[in-house]
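Following this line, the structures themselves.
Shared between the two complexes below is chain A, which pairs with chain B and chain C, respectively.
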Partner chain A sequence: MDKSKHLESVIRTHQITKEQQLLDKHIQKKNEVKEALEEKYGSNIYPPFNSGSYAKNTAINTKFDFDLVSPFKRNAFGSNGTLEQMYNDVYDFLYDKYKNEAEVKKQKVSIGLEFYADNEGDVIKIDVVPGREFNLDQYKEDENLNLYVYYRYGNFNSGSERIKTNINAQINNIKDRATKEKDSIRKIIRLLKIWKANKGNYPTKSFFLELITIKTFDNNEITGSLWEKLKTVLEYIRDNVTNENFKLIDPGNSSNDLADTLTTYEKQQLSSDMKNMLERISENEENLKTYFPENEKFKEKESVKNGYGANSGIPIPPPKLNFG
Partner chain B sequence: MVANRLREINAIVENIPGVIIVKQFELFDEVTKGYISVFTEGLIKAIEFEVEIYSQYPFKWHDSETIKFINSDLSAYKHIMEDGSICIHTAHSPVLSQKLNYDIQAVISWIEKYYINKDSDHHYEHLIVPQKKFKDTLFAYFFNEIDYQFSKNQFGYLDYSNLSQGLFHKEKCSNAIIQKFYSRDRKELVDVKWNIQFKALEKHVGLFIFIKDIPSINQRWIYAKWEDFVDILPQEFLNFLHFVEDRHKKSNGTHLPLFIGYNISEAEIHWQAIMLEIGKFPIFGQKINQQWTSKLHEERAIDWAMTRNCSYKYFFGRGHLCEKITQSKILIIGIGAIGSIVAKTFARSGCTKLDFVDFDVKEPENVSRSEYSFVSGLNNKTNDLINELFMISPFFEPSQGGYEFSEAFNYFLKSNLTNNQNKSEMEKFINSYDIVIDCTADNDLLYILSQLNMTTSLINVSISNHAKQLVCATEQNRYEFVSTQFNGKVLEFDVEDLYNPTGCWSPTFKASYNDINTLVQFALKHINLKFKQERQLRNFVLETEEEGSFNINLKEF
Partner chain C sequence: MKLKAEKIGLSLEIEDQLLNNMTENGKIYYPNEFGGFLFGYYTNNNKHLIITDSVLPIKFKSSRYNFERSTEGIEDQLYKFHRESPSKFYIGEWHTHPDSNAIASIADILAMRSIISTPNSCIKNPVLLIIGDSKSKVKFSFYVLYNYNLYKYE
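This part shows the complex of A and B:
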């Protein structure tokens, strides 16, 4: 098995453009929500923008959501208004507006809108991230925002902390690096996202995986095939994430350490997942498919001659191999 | 030979520090007897013991040492047996001198701990109840904790049901459970929880009184004669006994158990049973001030029966799975070899809420490697397993199950995947369980379950031919994981040497109960550990190695 060839196919079958219809629906819904926020908050809000993987060119087509950052003015909720008031006000507005067509949930720093499946069974998910500029009109100059932490997020306590960040800087950092070294960084970020999506509800944020991939590239001479590059990143995560002084600095705010978004146990689990993955793939490279599966929906059909019972004339149905 | 042994015993004992032989050891009817005095620091005066050494010594007999140190003056102290001997248990030694040293050292330790320091143990020790037959049978009654507060001297009726007749060594033993408590005017007080099969057993009448305090003079021995109860049992209760005996006089000669309840801790009640015979209750009428009054036959011995507290904490006290599993509502889909082993292990390890789905009928040839018995013949697997588990655990409470439920489950799941509304009903149903274990090796079902939005812990377990590997899929990608493992390129196993009974279109794997159970228990141990540690349970494979010695390698994904 050519591991890099398989990985290329994994990336190809997960290209977002393969789900054009779903992508279009997301873009349309995102615009609707954006307009609704602008209408509701008028001059108190700067134009909301998409900050998710689509904006960073690292999207995959199996797990689709859009992050809509909503930058508010410093006095949008009164001169003494709190971040909590901002968060709850946006939640109340979205809840009232979408309660009949979507599940509206309070999430770590965002408000999740999960629209009920449409006639074609498509589910659209938009996460609205409310943020507030530091001082009046400062956003225009520095694009810095304070976010509200609704519930415990790694080592950030709920309610008690605000994450200061510059989301545009985050986007540009990833987008720039991913574009310049697109044959490596962007592919590896996509592969890690596919791995994460495959794990279900995994505590590590995509942003964390993006930054740690870039950090690996910054700290290592990364050469060789796609698999070799991926392997170097997996090894780097395995060996470093649990180190006491491991930091992952937010390009949007150098005092934010993304390593704090995971608890000690979650870091151990991430390191141990990398270790297991590397061991299993090294024992049998077929296991690569378990961690990085192709999207069956867009997989190119293999020719019959590679199929089961090849060259026997009459095809033989595969036997049952697992038992209870 | 005998003379040598006697000489040796005398010589050894003589040389143990703090011990003096008061009367030399001699042989009487195969028992070596002698008198010793033992002195240790803290004693004012040495304590004398009659020592009996039996022919098996230095080996044990059943669970007892074959040496006794007897002093009937010590019977009020802790760990003294009915005959005044100290209860000791010492380490094994086949060497007479070493064992004698161990045993006398144990006596000295006892003197220091319980005689000099008057230590009390941290755990409660039950009263010693002489085990004796009533008529020609031993009687044993099992009780469970109940959610009811009795007041002192509250008495009334109870229901009990006979469970089985057994043999206790050479004696017949009748086993029964307490079912329900009633007040003296037959109003229901509290139901005792057992599995529904036990609850359905035929009921018989018994009596109870809650005396609150322990029925013992020295906290060691239970009262021996009715005279000990004279100041304990209220007159009202004696009148009640007379009333009951009178009401049941047609059943003269039959037994009726009386349960004496008392607190052994603030929250825990213990019940001891006394066997009464209708027509021979230990009471008589006496005319006092022109009125007939019931009195106790004080000189009569009390016929105590055996009781056992079978509440959950004792029943599973010796070992159970972690609470996260035992407190869960669990569904096992597929109860063939793997599923039935999982089910029985869960039932024996403290799980109570277990449901099964399987449309299959148990055949005689299933018995050799699953948890079924031959005796029930052809029988739906679900019904059969439910019966097996009822017999094992008094706490087993299946909520759904049986053949029709299994058929409906399978049909519903496989016919409605594309119907969004029904799909959400399926999700609701499956998610009503905390843990779902799919042991069907039905890859269609695996696929369907992988398409559902699950919040429950869904665990898929299957095994390869010759039980070479066990594959356990626990994560969202379980369908792809299982398919990849078994697709022929990852796990290596023999696909030719399958078991083909006559004319069977569907060959099955070859593996013995031992092969399968070894892997299933290993897997359950790993799963239990992860639940206990509150860690993520990842997909894993158990791979066996048989070259040289047998090994199991756990590979986590």
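This part shows the complex of A and C:
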């Protein structure tokens, strides 16, 4: 089995452009929500922007994450307004506006809008991330934001904590790299996100996987085939994530350590999952397909081209076969 | 009978008479399993399989839940079918599940996978027919191995 060939197919069948219609619906809905926020908050808000994987070019088509960052002015909720007030005000507005067409829920640092399935069965999900500039008019210069932590987020406690970050710096963290390295990094991030999506409700954030992939590239000589590069990243996670001194610095704020978004137990789980995955693939490389499956929906269409396969020569049955 | 594995765009056909023959051969060994080799050829740009013949093994071991055949004597058959027009070749396997359903077991899946990993097997998409034979009715399930997974024809 050519492991890299399989991984390329996994990426190809998960390309977001294969779901063009669903992508268009997300973009349209994101624009609607953006306009609604701008209309409601007027001069108190800077233009909201998309910061999710689509913006970073690491999206996969089985789990769209459209994060609409909404940067508010320092005094948008009064000169003594709190981040909690900002968060709740945005929640109340979105709830009132969309309660009949979507489930509106409070999430870790965002407000989730999950629109009910349309006539074609498509579900659109947009996460609105309210943030506030540090000082009045400072956002235009430094793009720094304070986010409100609604509920416990790894080692960040709910309510009492705020996260300072610069989301544009996060987006540019990949964009600013050399083209060849950037392509490899994006491929590996997509593969890790496919692995994570396949595991259901897994605690590790996609952003964590992005940063640890980049960190692996920063700390290792990463060469070889796609599989060899992925293997190096999996080994790096296995060997480092549980180390006491392990840090994952947010490119948007050097005092944010993304390693804190996972508890000690969750880090152990992540390391052990990488260990098991590597061992199972080493035992039988076909197991790679279990951890990194192709998207069946698009694999089917590609397969139709192929037909039954046969090599030259007269096929000979295996000497012994045992059926149950 | 014509069947399709829609997901992967492959189809097959087989005469009812051939299915009946295999079912009758299986009944001889009831309540144990029994089976054999399938022969046929591909048409329509290799998207369609026509199963034309079944060859019974000369040597085999079987129990109620197991069937193991050998290839003793099969070589002559391979060349005989190959010389026919259209040329036919080994395309898969069949066996019975006495008093049971016609669903592929783990052992069946592993057996199919071992076909493609055997040097000289030459076929990439072996077909599996399971005949689920209970007293009240007989059920046929056809599967094809594609990209290491079994797909059922409907």
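Everything that follows uses one rule, which is that the second predicted complex is superposed on the first by the 293 of 324 C-alpha atoms of A that agree within 3 Å, B and C clash if a C-alpha of one lies under 4 Å from a C-alpha of the other, contacts with A are read in each partner's own complex, and residues count from 1 in each chain.
Keep this in mind: contacts are C-beta pairs under 8 Å (C-beta built on N, C-alpha and C of every residue); 3 or more make two chains touch, one makes a residue touch a chain.
Just so it is clear, the model here is predicted, and its values are computed rather than measured.
**Student:** Counting only touches as set out at the top, which of chain B and chain C does A:G78 meet: first, second, both, neither?
**Tutor:** After superposing on A, A:G78 lies clear of both chain B and chain C.
**Student:** Contact-wise, after the overlay, does A:M277 reach chain B, chain C, both or neither (first, second, both, neither)?
**Tutor:** first
**Student:** Go through the superposed model and pick first if A:L321 touches only chain B, second if only chain C, both, or neither.
**Tutor:** A:L321: touches chain B and chain C.
**Student:** Looking at the overlay, does A:G42 come into contact with chain B only (first), chain C only (second), both, or neither?
**Tutor:** A:G42 sits against neither chain B nor chain C.
**Student:** According to the stated criteria, A:K289 is in contact with first (chain B), second (chain C), both, or neither; which is it?
**Tutor:** both
**Student:** Overlap the chain B and chain C contact sets on chain A and report the shared residues.
**Tutor:** 286, 289, 319-324
**Student:** Which residues, counting only chain A, touch chain C once they are in their complex?
**Tutor:** Residue list for chain A touching chain C: 286, 289, 294, 296, 299-300, 303-304, 306-324.
**Student:** Over in the complex, which chain A residues touch chain B? Could you list them?
**Tutor:** 117, 121, 198-200, 265, 269, 272-273, 276-277, 279-280, 283-284, 286-287, 289-291, 293, 319-324
**Student:** Where on chain C is chain A touching in the complex?
**Tutor:** Against chain A, the touching part of chain C is residues 7-10, 33, 35, 37, 42, 44-47, 49, 65-71, 74-75, 78-79, 82, 89-91, 93, 95, 105-108, 111, 114-115, 118, 120-125, 144, 146-148.
**Student:** Quick check on the complex: what are the chain B residues that touch chain A?
**Tutor:** For chain B paired with chain A, touching residues are 334, 336-339, 420, 439-443, 461-465, 471, 475-477, 480-482, 484-490, 493, 495, 506, 508-509, 535-536, 538-539, 555-557.
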